[in-house]
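In what follows, chain A forms one complex with chain B and a second complex with chain C.
Coming up: the complex of A and B.
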C-alpha cells in the first residue's frame, strides 16, 4: 500500500491545488472520497459528473452550489419550527436528517454537524425545542462563514449556557465552569490559559441569565470592574470575551486542527508546521469557507494521507447509503436508529461532542450498523422500503456489480459469485469494513 | 494512490470469488454462525453487575431491625414482625418475602454494607440520583457517570470489545454516560446478532481497516457464541419478573464471554421509580423487594452451576434511604443512609459495618458511616482492577468485603 503520509509533504505542496497527472490521476475513488467528506456521499450520477468535471470544478460546485440554498433553508426552517416551546427536540433531529439528505448545499450541513459537535449542545439540558432550533440556525448561518461571528452568537445563545448548567451567572458567584469550557473546549484549548483567565472570563460573563429560554443580561448582577483576559485589560462583557477568544492565535490552532480531523484525517495528528499556513490565515480572517476550500482543493486531501483516514460517524454511514440509492427515507426512525449506533443527534454525550474515530466502532455498534443497513434495504418496514437497489442499477444500465463501484468505488470485475440480487450485492458492499471508513 | 486503490480492488475481487456471500434471508444468523471464526476466550475477567433501585429504597423494611423498639414505634402500620422474617442475627432480619436473599446470605454469597451515604445527602430524586450517578456530589456539573468513566478506562478502541452494557427497557441512566465508549442498551442478547458476511482476514500491520476487519470477525464470533448460549441456558430457573429476565440476559451475555466487564440494570422503572412509596407502601414495597431478592438469587444460582458466580460481583444502590418514621399515610418519606447489597461468589459474606442508629438521626433519615464511593472504590480497585482515583477523582478506601 502506498504510504504517502503527511510527513512527506512540505506545507506549500500539501496545500497547493491538486492537479491530476499521470502519476495521480483523477478517478472514481477520489471522486467518492471528495463526496464522502464534503457531502455525506454521492449518487452514481454525481460521481460520473465529477469524473467529467475534474476535481477543481467539482469542489467549486460543493463550495458554492448553483441552487437557491437560501430558499431551501427557509423552507426547512419553517417546516421544522416546533409548534410550541415544550415540543420534544426529536422532531428537529428528523428534520435535520431530512435536510442533510435533500439540501442543495451538503457541505453546509456537514459543517453544521461539525459545529454541533464542537459546541456540544444537548437538547435534554436545554429542554426547549425552539432554543435548540435557534442554536442550530446559528451554527448553520456561520457554518461556512466567520468563526468570530459565530462565537459572538454563541455567547448570547441560551442553548449553550443551558447545556453548561449556566442558568445564572451572578456577580457574587462567577461561573468558572462556564468560563473554563469556553477557554478549553471552544477556543484556545487546554494548557493555553491560566486559572486567573478562567476567573476573569467568569467575571466577564456575570449578569448573563437564561430566562424563558432566552439569554438576558441583568445589569445589577454585572461585575463592572476591570478584567484581565489573556493579556488584555478592560471592563469586559461576554461579547468582549467572544472577540478576545476568537482573535487568539491558539484558537486558530484549535479550530484548524479540528477541521483537519473532520475533513482530512483522524488517524494521524498533523504537525504544527504542516498546519501553520492555514492557522496564519485563519487567525487573520476567521474564514471557515476559505479554510475548508484550501483543504478540499489540496494535494494532501487527494492523497493517501487522507484517503479512508476517517471513521464514518453513524450519520455519515446511514446517509452514504441513502444518497447512493438516490432516495430519501423516513427520518424519525432513522434518528432513533442512530441513537443505538451512538449518535443521538442534538444529544451528544458531553459538551465535548462525539469524540469519534475508533470510538464509533465496538462489536455492538458494528453489528448495529449491519442491522441498520439491512433495515434500510428492506422492501418494507420502518424506513418505508423506499431504497430500491435494483431500480438504481437498472436506471444506470447496469446490474448488481454497480454497488461495489457506487459504495466502494472498487473496480470489481465480473464474477460468477457476485450474485445478481441487487439488495444482496448492495448489502455486501455497505457491510464491508471499507464502507465504515470515510 | 494507485497502489492503495489497487489493494482495495483486489480485496473485493477475492471476496467475491470466494463466494463469501451468506444468504440475505431475514433469519440467516444460525447458518452464518458456523462459518464464523473462533475468537480467543477471555477467561478469568471479572464482571461487575450494577443494579439501580429507582425511587429510594426503604432499607429499614428490607433489612429489618426487628429487635429495635424505635423501629416498631416509628412504624405502627408498616413494621414487619420478627415472626415470618428471615433472621440474620438477634437484631436483624430480611423482609419475609426475601427468602432468596436470605439463602444467599446464609451461603456466604451476599454481603450487606450498612449505613451507606455521603455528607449533606440530596433528598430530591433527580439530585440524589445524579449524585450516585456522577459519584461527585460536590461537582453537580460533572458531565459523565462513574460507570461511563470506568468504561472509558477499560476501553481499547482498536479491539472493539464493548466494556459496558445497559440491559433494560428504560433510557440509559446517567451513570453509564461516557466520553468515549458507546455503551449499548439491550433487552436481549439477540439484539446483538447481525447478518454479516464471512470476515476478511486482517492483514499484518496496524491500521483502522485492520481493526475493522478484526471487529467484523468478532461480531461473527459473537453471533455464534450468543446463539449457542441462548440455546443452552434457556432451561435455567428464573421467576417471571422483568428484572429476572434482564438478569437472565446478563447471565447469557456473561456466558457468551463477549468481553463486557460492566453490566448495568435497573428495578423500579426509572425516573421517580417504584421504590418511592409516600403512601400505601406496604404491598408495593413488599412486591419490589421480593422481585429483587428472587431475581438476584436466581441469577447467582444460575451462574453457580458452572462456577461463573466467582467471576461476578453484583451491587445495588438507590438514590437515598427513607425516613425512620412512617408519615401518617402508610408511607415513608425521603431519607438518607441505606444498605447496599453485594452478591457474588468471592465475597466474605455477612454484614459490613454496624446498623445505623434509629434514634440518633438526621431529619429522621439514618446517618451514614460508609461513604458510597468506598463501595464504588471496592468495585473499581478490588474487583475490576482499575485505579479508582482515575474514576472518582479522589482516593476512597475500599471495603474489606472480598475474599483474597
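Coming up: the complex of A and C.
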C-alpha cells in the first residue's frame, strides 16, 4: 500500500497512471479498493482476476465492459416499467437495486447513483413512478457520458421540476427557487452568481409547466425578452440556460470536486491546483467517462490519500456483502432495510441529495448495519437465505482468512474467535469498523 | 451408492401401496401400530385405486408435459436414479407400479410424531418381493465405501439401518420403517398389545374414520388438539377479528377449524372420471345460532346458497349464504376494535347512502343468497389490451324491495364513481365517463375510461381493465368491475329466471373453478408474475419463469374444482372435488 497523502502529490504525478512497482505493488487491498469505488464490491473470483490482470486492465474492464450492456439495460428498462402511472416508486427502487447487483457495467450504476444524489429527485414529490423512471433513465444514459447533454435533458425533466415544486413557471411569476437551485446545487455553485442571474434564469424558464406528469412548454407564458445570464445576453430559454451553465468553468469545478469526493476521497478537500488539470479538461469536453477514467487510473486513486477515505453509504454497504457472496437477494425488503439505515433510494432528504460521509454513521445506523448484515446472512427470513457463505467458502477454499480477505483484504484481523462456521466468519468480517469504509 | 439406496428405499416407502385383504395380521390395521401421539397420519385403505389414478400412462404423460420436465430429465442425478429403478425392475421381474402394489398390498399408513419422528407401516401382498428388495438395498449399502449400515434386534425382530435416521424391519408380511430404531421399538410394542394406545384406538381417529365413510380409498388425519399445542399454530387458528371481509367470506369455516379436535380428509377415487374427490370433515362445533357469526347459518332447513351462475370465460364462481343485515348488526361483537379501515368504510357508506342506517335501510335490503363471479376478459381490439390483464369480477345480490332500493343504489353508485373520478383528477389522472346504455331490456349504468388520445394501444394502462357497472335486472343487483361481465350476468340471470334453481340446503359456501380458465388468466399475466418473482427472489428470469410455467401447466390439468361447506348432522363439513384433465382430453366449454 502506498503511503503518499494528497498533499504530497503534484498534479502531474497525482493524475498520472498508476504503474505498480516494488514500492507500490499491485495487491489484493488495491484491487478491493478499486472494486469498492467502481463496482459496489467484488467477488473472490473478481479480486483474483484483478490481481492477475493488473490495475490498468482491470480499470479497462470496469470502464468498458465486454458484456452487452445495452441489451441488459433494455431488458431492465422493460422489467421496471410500472404497469400504470403509480404513485409509489417502491418497485422502481427495488428494480434499481437488482440492476446494481446484476449489471455487467457496475460503474455505470455507481455513477447513476452519484448523479441521483446530485440532482436529488424525490419520488414522493414527483408522485409518478413513470416520471421517476424516465429521470433515472436520463441519468443512466449520461452517467458516463456528456454532462452538457445530461443538463440539457434535466431542464426538460418533469421529475426535476416537480421535486423543486416548480409545476408552473409563469411569465408574471418566474420561479426563482427553481433558478437558484439550478445555479447553486446543479452547476456553478454558491457564491458564483448574482441575484440578477437568478432572476434572469427564472425568466428563461418561464413557460415551463408540468401537466399530467409531463413537462410542457406554453408559449403564451414565455418571457420573450432579452436576458443576461452570467455575462451572456440573449432571448434565452431553458435549453439555453443548460448550455450556458454547462459552459461555465465554475460548473466544471463543482462537478470535478464532487466526483473527486465520490471516487477519491471525502475526508480532505482537494486544493484547486490539484484539480486544475481535470477541471480544464472537463470544462472543454464535459466528458464524465474521461474524468472517471483519469481518476480511477491515477496514482492518487491507488494511494493512501484515497484508500478507505470514504464512508460506505448504506447501498454500498449492503451491495458489498451481496456481491462478495456472489448471489442476488430479494430487493424490496433490502430497499426497506436501507431506509432504516438512512438511504431511501429515490427519496433523498433534500434536492441536494444525501450529505454522506460521517453522517451515515450514528449509534442507530451502526446497529442497523449489524442487523442488516445478520439478516442478509440468515438462512431464512426476508432475504430467503440466498447468501450462503459456506458455499462461497467451499468454492474458494476453507481458509479461515477467506472472508477477511474477501471483505477487508487484510485491513483487519479477527477481533475474536469466529470459529470455522462460515456464516459467523462472514458476519465477523462485515461488522468490523473497516468494512464500513470504502 | 448408499445415498442412491436410501433414495430408492425412501421412494418405495413413500409410495408403497396395496389392498387391505392381505394384512400381516387380519385384526391389525397399519394404524394399530402407530402410537396415539401422532400429529398427522395418512392411511391408504385402497392404495391400488390411487396408484391407478396417479401411476397410469396419462399421469406420466401429464408429468412429462410439465415445463422443466425435460431439463430435470437431463440432469445426471435423474439418469442415475432411473438406472437404479430399471435395475430394480429387472431384479424384481416387474414394472415399478406393479411392484409397489405387490410390496404393500395390504394397505399403508404414514405418521408424523412429535420430535419430527416419522413412522411408516405397510403390508405386502408379495412378501418375497419385499424381502428381495430389502436384500438388494442392504447389499448395496453395505458394499459402499461410506458404509453406515447396522442391524440389531428390536422388539424380537431383526431391524436394519441403511444410514442415519432410517431404520426398518419386516415382520411377517409387514414392513415397518421409522426415523430410527427407537421409532421401530415403539411400533413393534403393539405386537404384544394389539390396539393398546395406538392411533387407531383413539376415539378421535375412530370418529374421523366413520366420518369419511367406508368407501374412502384413504384418509389424512390431523390431530388438531395436539397441533394446537404449538403456539404458532394456535395463533394462526385464532379468528382474525380485524378484517371484516375475511370474517364475511370465511364465517363458519375458521370457527370450525379453531374449535375442532381433529380434522380428516377422505380421499375418493372416481376412476371412470379420472376424478379425485377430497372430503374434509372436522368435529368443530356447529355455529351458535345466537352467536355473532350466525349470519352464515341458513335460517331454515331448506335454505342455503344458490347454485353458481355461469357466464362465458368464467374462471371461478362463489355462492354464499350470508345474512348481511345480521353481519353488520353484529359488527361491534365481531370487530370490537374500531379500526381506521372500519371507520373509513362507515364514513364512506354514510356519504354514498345519504346517512341511512346501514343495518336496516341498506344491508337489510339484500337477501342472504350472495354470488360472486370471476371471468377472463375479452378486450375490444379497437381500444387495446391492458397490461397486466385483470379478470373481471362481479357481485350479484337479490333485493328484497327493488322498487324502493333501486334509486338508492343508483345514487350511491354514481356518487362513488364521481368520488373516484374526483380523486383521480386531483392526481392529474383521467377520470370516468358515465353512460346509461340498455342491454336487451335492462338499462344499466357504466363508467368507462376514454381511450381517446392513447398512443400505444398494445400495452394499455391497467385502468383499462375496469369499466365499473351497475345493473338491476328484476330483483337482482349486479355490481361488476366491467361492462362485459355485467351484460353476461344479465343474460345468465335471464336464463336462470326461466327455471329458478333450488337452494343447496344447509350449504353456506360453494366455490367452483375451471382449471383451464385459471391457467388462461395466469398465462395472460405470466410476464407480470415473472417480473414480480424476479424482484422478490432476486433471481434470473429463466429460473423464475420455470416455477410459474409449471403452475400454469398444473392448473391446466385440473379440469374442475368444487368446494362446498355445509353444516349438517351437527358437524361442519367441507367437500373438495378435483377433476383432472390429462393431456389430450378435451374439456366441454363452459358457456
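FYI, the second predicted complex is superposed on the first by the 424 of 438 C-alpha atoms of A that agree within 3 Å, B and C clash if a C-alpha of one lies under 4 Å from a C-alpha of the other, contacts with A are read in each partner's own complex, and residues count from 1 in each chain.
By definition in this document, a residue touches a chain if its C-beta (ideal position, glycine included) is under 8 Å from a C-beta of that chain, and two chains touch if they have at least 3 such contacts.
This one's a predicted model, so the numbers in the text were calculated from it and none came from an experiment.
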* Asked: Overlaying the two complexes on chain A, which is it for chain B and chain C: clash or fit?
  -> fit
* Return first, second, both or neither, reflecting whether A:177 touches chain B, chain C, both chains, or no partner chain. => first
* To do: Using the superposition on chain A described above, determine whether A:394 touches chain B (first), chain C (second), both, or neither.
  => neither
* To do: Check whether A:329 is in contact with chain B, with chain C, with both or with neither, and answer first, second, both or neither.
  => second
* More chain A residues touched by chain B or by chain C? -> B
* Asked: Taking the superposition as given, does A:101 touch the first partner, chain B, the second, chain C, both, or neither?
  -> second
* Classify the contacts of A:165 with the two partner chains as first (chain B alone), second (chain C alone), both, or neither. => first
* Asked: Is A:79 contacted by the first partner chain B, the second partner chain C, both or neither?
  -> second
* Structure fact -> Reported in degrees to the nearest 10, the CA-centre angle with chain A in the middle and chain B, chain C at the ends is 70
* For A:91, is the partner it touches chain B (first), chain C (second), both, or none of the two (neither)? -> second
* Structure fact -> Min C-alpha distance, chain B to chain C, superposed, in Å, is 9
* Interface residues of chain A shared between complexes with chain B and chain C -> none
* In their complex, what parts of chain B are in touch with chain A? -> 1-5, 7-9, 11-13, 15-21, 24, 140-141, 143-144, 148, 155, 157-158, 160-162, 165, 177-182, 184-186, 192-197, 200, 207-209, 211-213, 215-216, 218-219, 222-223, 258
* To do: In the complex, go through chain C and note every residue touching chain A.
  => 387-388, 427-429, 461-463, 528, 531, 534-539
* **chain B-touching residues of chain A, taken from the complex the two chains share** => 1-2, 4, 24-25, 27, 29-30, 164-165, 177, 267, 302-304, 307-309, 311, 340-342, 349-352, 355, 357-368, 370-371, 374, 404, 408-413, 415-419, 421, 423-424, 427-428, 431-434, 436-437
* Spell out the part of chain A that touches chain C in their complex, as residue ranges. => 79, 83-85, 87, 91, 94-95, 98, 101, 127, 211-213, 327-332, 384, 386
